[in-house]
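Below is one structure, written out as structure tokens; comments come after it.
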Amino acid sequence: MSNEVNQIGLSKADYRGAVSTLCQGCGHNSIANQIVSVAYELNLHPEDIIKFSGIGCSSKCPTYFLGRSFGFNGLHGRMPPVATGALFGDTRLKGLGMSGDGDTASIGMGHFKHINRRNPNLVYIVANNGVYGLTKGQFSATAERGLTLKRQGVNPYMPIDICTEALISGASFVARSFAGDAKQLKSLLKGAFSHKGLAVLDIISPCVTFNNDESSVHSYDWAKTHQTLLHDISYIQHFEEIMIEDDFLPGMVKEVSLHDGSVIVLKKLERDYDPTNLVEAHRLMAEASDQNFMLTGLIYLNPEQPTLTDIYDMPEDTPFNRMTEDRLRPAAETMDKINKLMF
Amino acid sequence: MSNEVNQIGLSKADYRGAVSTLCQGCGHNSIANQIVSVAYELNLHPEDIIKFSGIGCSSKCPTYFLGRSFGFNGLHGRMPPVATGALFGDTRLKGLGMSGDGDTASIGMGHFKHINRRNPNLVYIVANNGVYGLTKGQFSATAERGLTLKRQGVNPYMPIDICTEALISGASFVARSFAGDAKQLKSLLKGAFSHKGLAVLDIISPCVTFNNDESSVHSYDWAKTHQTLLHDISYIQHFEEIMIEDDFLPGMVKEVSLHDGSVIVLKKLERDYDPTNLVEAHRLMAEASDQNFMLTGLIYLNPEQPTLTDIYDMPEDTPFNRMTEDRLRPAAETMDKINKLMF
Amino acid sequence: MTSEPSSVPQKSSLHDPVINDFSITVGTRNGSGSATSNLTLLRALFRMGIPISGKNLFPSNIQGQPTWFTIRISKDGYLARTEKPEIVVAMNTDCFVQDVKSIIPGGVLFYDQDINLPIDRKDIVCYPMPVKQLVKGMDVPSNLRSYAANMVYVGVMAQILSIDLQKIYQAIDFHFKGKKTAVDLNYGVANASAIWASENLQKGDPYRVEPMDKTKDYILAEGNTAAALGSLYGGVQFVSWYPITPASTIPEELNYYLPMLRKDPVSGKYTCVVVQAEDELGAIGMAAGAGWAGLRAMTSTSGPGISLMAEFTGLAYYTETPIVIWNVARVGPSTGMPTRTAQGDVTFTYFLGHGDTDAIILFPKDPNECFEFGWKAFDYAERYQTPVFVMSDLDLGMQYWMTEPFKYPDTPMDRGKILWEEDLERLKDEWGRYKDVDNDGIPYRTLPGNRHPNAAWLARGTGHNEYAKYTESAEKWEEVMDRIKKKFETAREQIPLPKIDIMDNGSPIGLICYGTTWMAVEETRHILRDQHNIKTDYLRILATPFSKQICEFIQQHERVYIVELNRDGQMRQLLTMEYPKLATRLASLCHADGLSMSTEWLLKAFLKKEAE
Amino acid sequence: MTSEPSSVPQKSSLHDPVINDFSITVGTRNGSGSATSNLTLLRALFRMGIPISGKNLFPSNIQGQPTWFTIRISKDGYLARTEKPEIVVAMNTDCFVQDVKSIIPGGVLFYDQDINLPIDRKDIVCYPMPVKQLVKGMDVPSNLRSYAANMVYVGVMAQILSIDLQKIYQAIDFHFKGKKTAVDLNYGVANASAIWASENLQKGDPYRVEPMDKTKDYILAEGNTAAALGSLYGGVQFVSWYPITPASTIPEELNYYLPMLRKDPVSGKYTCVVVQAEDELGAIGMAAGAGWAGLRAMTSTSGPGISLMAEFTGLAYYTETPIVIWNVARVGPSTGMPTRTAQGDVTFTYFLGHGDTDAIILFPKDPNECFEFGWKAFDYAERYQTPVFVMSDLDLGMQYWMTEPFKYPDTPMDRGKILWEEDLERLKDEWGRYKDVDNDGIPYRTLPGNRHPNAAWLARGTGHNEYAKYTESAEKWEEVMDRIKKKFETAREQIPLPKIDIMDNGSPIGLICYGTTWMAVEETRHILRDQHNIKTDYLRILATPFSKQICEFIQQHERVYIVELNRDGQMRQLLTMEYPKLATRLASLCHADGLSMSTEWLLKAFLKKEAE
């Protein structure tokens, strides 16, 4: 391991976590690695980040990055409320939430919708693979209609689009990327970390073990037959991780060659796309949902939206969780007055 | 009570329920009354309807209409799953769900989103008053930002739009109306009853007891100062129920005079609006959410979308709940074969 | 009907006067504003120095349904519910007949004379009241008439029962915070009605009140208000909640008193955050997050919410996260009767969450204890790093109680075992989140924001070792679970101990109760001694896990009756589990019908069991 | 390391041969395909007529982590877990050292010779296996090599332990459903490895197997498969579920067998609907709706899901809605250890839901009973109109068990008290949804779609009277709750009764268990008799509410030990509550570390307690 350090004198190792126990080639691993790089490059103090997650392969990730940050790996679907409460503990800290599509779009849907309205200071990553990985490959709510999985049959339902959900619930930062697109993912992660408020990041993160059915949008065959559509798709061969070279720029439609010569097509938002235009974002998402394609990039950004702690206007001179009795317990004199108010 | 009867020989009384225990002037009462009229006018057999509700003033309504229909007044926020399961009991029956904004948009959000994806044969009414009535007037998730309520303070969050939520979750019928607009409400109810699949009906139904604050979109002052915007608003004086005359037609922007001379403005979708155009519906809702106004009328309709029972392709010769052992228990011969399969 | 002075049946006129020892039930409609009048009566009597209790029996809807308010006036200070009122005020046509029926023989009826229904009782004294007329006479603004109408019976009763009008004025003045127009209007109606009564009604009943000095050391308060205040004095920093009857008024009162009590001297901002969550899962989830991050965090709910909080309770138990959870109980199972009271969630809460668990549960008896446990609960939650439940109920939370004044906390905040940068520096690499260094089962924790390189750890509901690292090791799992259990052994004698009262020099019979049933128990004990000369000893449970004093009390008695408001005798079930050797001595005096326990019921039930 | 025939330590060669009485642990990585090989071994031995059990100890992740599969071979038919293996197969470098350490003295090690780690034990026999070479030799397609590698140890062990290669062929053939290429490839590797072993390894250990005839009356099955099949034969019509380990395979197997067993003769369509819900609240909510509407409805989950189902359980209890709920338990509290087993949800489930409740809970002991309770559960749920829980666990649900063949239901479906149009016609206006006409506490219900004008009613979790009408009446509330309790009194002796075994002519010591601990209990009893000459009697609980036979059994014994896999002795707690008079006789033999109960542990624990 190199002994390079960043501007605050920390080496990459200071941002790493335990060794991953996820499958080789799992998209979640690249996300974890990108988080490490981004935190290193942004010179973040690990102590300034609190990690949160629900339950799932994706939600295991916080163990695999930022070992020097506090974290709470909570309950399935309940990451948002835990993060919401915990971030009041010390409002100087940034939240980094890692969830899955099952965790967020199924059991956690209600909390997900409502955390968007509250806008706490949290990077909310959904590692989206269209399946329940940790429970061995059932459909999640983001699985495309018609997908067939072993022992599950055919999925008859329309998928939920994480970004659209975030957008209409008033999220202040909405973006989508792809686990294999190191460059874009990195820049979006950096944007998310720098955003004051809730940053929802939907990251397509293929499950190499359970979501590799021919009929899946993650599969090669599917890509071949749908190249005309501008889908954000990838074909994952077991135990192979795709990385996309850095010359893939905004607005581009790029054919990515995989090891076996198969091809996928990715589309990025134009560089001149204005993410602060809400109506345009809505229109784009509506169009996408109608024509059934997915966009990657920064879809919407509102840097002005007050965060939850702005709304509650907290004392700032001392972290809330270091505040002592003298400031938390009313003075003894008040007791008498209160009793009088009771009649 | 008149002894008139409809084409199937039933009088209005046959469609009524117990006497309402809701407040006088509560919008929910008019909804209940409209349901009675519509069922009567459509010559529905009460036996062909199953009522469902969660918990709340709105969810109490099923007691006050269709006394000859079965019903399940379940748990707060859980009406959708109960209805989803129950409607398999006899697929010839139509579900009629009555929920509130708290019931559906807060605690029930996850179920609400997912029932839209499943499309069971259910009329899903949300009696939307922006508050928690039965628990005495806390903010609901549909309360507008900035609203002030006694003992609750100011609401800092953006409201959830029931229709937009339904639309992006793939609902096959999405409409909005206003409890006081007898004519429109009736026609939309009729449409919903005739629709095969899930019909989401967001009905603005003012709470005269707890949501009558000046700052509310339901209030007179607010209306006055925002007349330029096309909001669907009304000012409710305690114990007065508003009814709008029948000459209020699609496309119209109508000023409705209330007993005290105050005025509200309502806008209906144009008659030539094509509710089967999904993109257009999305665009309209996006525009509305951006310009912060509400539309009433039939927003989206997809009569083709397969219902949940279509998807499961149920036997149709006998109601499922009348099916007997001979069709439900495998033949004795199979036992041996199964044991062999075990090794 | 006429407003003639009512005819007075013989027998009741022969009565000796009954002074400061009867109860009054007022039957009205909810949402009609009668709450103000009833509260006025209650406060006036209280100001006269007479012990009283007031219980509002209201429906689970918002407006128009029958509601009854019962005031018990007891010179001896017995506040339990009585089953039959001596005096009834009938203002609601819908339940007029049943209200009239409910009066004891020789009792009294005040009624709105516009209610045109026959009164088929010859054994009571009737006072018709020309409510409409009197209000008209006062030219009250039209929209306030029905509201003001309720002041009529206040005035008439004041006259007939000799309630001090001065005190009534004080009560009204307090209620409207001195707002002159409102005060004048309401007192005006009351006063005019009193005058009318003095001129038109002839006292024909034996009941009246006389001033005493038995309330000067007390206040009148609701349990939920006390809980909110106790929490604020406990330094609560984070409250997440979801509305539910009868718990909603805890966070609402908290919001109300926040500006008064928790404006930060330094920043001028509030030092407590109150968040209305999307549901109870969200509410306890936020509280768990806040508690884990080092804030004094609480949530409040009732039965249905407790059911929804089961999974998070288990997470908090196993991750050792402090949370205070108020359960203001109503009648279950299911939605049950939301506006009725019960003690039905005891076993469920005790075993809440899948897997093996333990629970610290506090049982306040009155608003004063709601206040006390309100602040102490945080000390326990942070000291033992576990969820702490406070079990109130609708009767305690939403009724007005005569209770001792709230007592300012007499111990400094106990924040438990928390390590900051300098502590870790001192400890070098010694520290492990889940190490039992003090042999009391309680480990040390660090909080987010702690910048020491060793401080960080990842909380998880999955198997972990003493360093909070993930493990599936059988030994580690058992080790951690046994150590956690030890915390509750440590807690046993450190949390509120039972209150014991031995009569004279003791009795073979013991009575055990908890929460609000003490009212019926204490009165029953005195009746048993005075009228049946049966002596009984008495223990009130304040908390689980049980103190050994409870065991000793049971050992010292041949027969021990556990008194509670549920069907299955839930506390008896827990005591039986805890003390198998003493199990045969325990018997239940329990039932649940939604009403608070009456002395009549308890006395009957006790004598029946004793006869067996 | 070399592939020389291994050196054989003296003492072990002096051993008498050990035949059909030892256990083998295979250490591999999950996701490496070893499951096939292990299952092949298990099946081959089973086909040889030798009693076996197989337990897979797997991690809570998907691929690459250490996994152990233990096969116990027991001529006497003891299937409990043994703590130390006689034979270890070490295929995983990561846990090689600990695997080698785990072998008993005189035991045997088979290992992949490419694992370049020292073996510091002189007291075991070692057989290196040139895995890579052998697979290469077979020119297996590259992507299948690591998979096929696992067949090497199958072949080598077959040779050394004299496992019949024919049976191994049959096992492989069965596994791949006769798919020739797969069968040939896998058997090819196994066979070649056996040949290699015969030429290169010299038998130096005392262990081997011999054919018996002890399995011909048994099948090999997992509990979850049995549960799915039992439900299908029970006529299940509606299944709603949310994925969770270790319960997911119930609905998944149900989906698998649906086409085979439930294609409707009339319409050719399926007569069972399986819906994957958005969460457990949705899952049980759908099941409640379906059960209320007259369908045989079920859901399946594990601890965390049970926590989330508390509120709906209370609703179903009070509205009297039939639901079957499978709880395939894993280790709690909280997320705990999802791939480990326990019996930790007993008290929680018994008291599930706020307010007073009762619960019918069934405890299957093996796949055969999973099948039986699978269909009976619906009869009970519909007969008593209440939720019925079936408590399985990971050990029972996901491991392969030698179990009696599934028995076709011997009683017709009991749909309970349901009234259709003609019944109502007959009854005139007599019917009320919650009337107790038969004095058994069980009312009659009508179902949606019933077109009789009197049929309709509104189910509600709020207070209701015998006509299902809303009420807040105290009397009605108590009346309904007491009547509901009566249903469970009715059920006591009608649901599966305990199984009792009295040794010789009885003993003062009783052992009580439920679910899967019977394996350790039965073996322990025989060891106690044969080696310690302590006789014990034995009762296995199959259901709550408890039958009086359980009470009698306890009465007949001085000391009764309750054996269970949890920390707090949860069943003992329930028995203590139920039988206070007998409480002093009850003691716990319990612990929970995630592993199924071993005979070694139980024996030690028993003797320790007896010594006290």
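Order of writing sets the labels: A, B, C and D. Residues in every chain begin at 1.
Criterion: a residue touches a chain if its C-beta (ideal position, glycine included) is under 8 Å from a C-beta of that chain, and two chains touch if they have at least 3 such contacts.
Note that the structure is predicted; figures quoted are calculated from it, not measured.
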| item | value |
| --- | --- |
| A-D or B-D - the one linked by more C-beta pairs in contact | B-D |
| Mean-CA-position distance for subunit C and subunit A (Å) | 45 |
| Centroid distance [mean C-alpha coordinates] between subunit D and subunit A, Å | 38 |
| Sites on subunit D at which at least two other chains make contact | 59-60, 278-279, 304, 311, 315, 319, 334-335, 460-462 |
| In subunit B, residues with contacts to at least two other chains | 75, 106-107, 109-110, 113-114, 141 |
| Touch-based graph of the chains, sorted into line, ring, star, complete or other | complete |
| Sites on subunit C touched by subunit B in the complex | 31, 59-65, 242-245, 248, 252, 255-256, 276, 278-280, 304, 334-335 |
| Residue ranges of subunit C touching subunit D (in the complex, touch as defined) | 59-60, 303-304, 306-308, 310-311, 314-315, 317-319, 329, 331-340, 342, 344-345, 347-348, 350-357, 460-463, 472, 474-475, 477-478, 481-482, 485, 566-568, 570, 573, 576-577, 580-581, 583-584, 586, 591-595 |
| Contacting residues of subunit B [partner subunit C, same complex] | 21-24, 55, 57, 60, 75-77, 102, 106-107, 109, 132-136, 138-139, 141, 151-153, 209 |
| Of subunit A, residues touching subunit B in the complex | 106-110, 113-114, 117-118, 141, 156-158, 160-161, 164-165, 168-170, 278-279, 282-283, 285-287, 289-290, 306, 311 |
| Subunit B contact footprint on subunit D (complex, rising order) | 43, 46, 171, 174, 219-221, 225, 229, 232-235, 237-238, 240, 257, 260-262, 264-267, 269-271, 273, 275, 277-279, 281-297, 311-312, 315, 319, 405-409, 412-413, 420, 446-451, 453, 455-462, 469-470 |
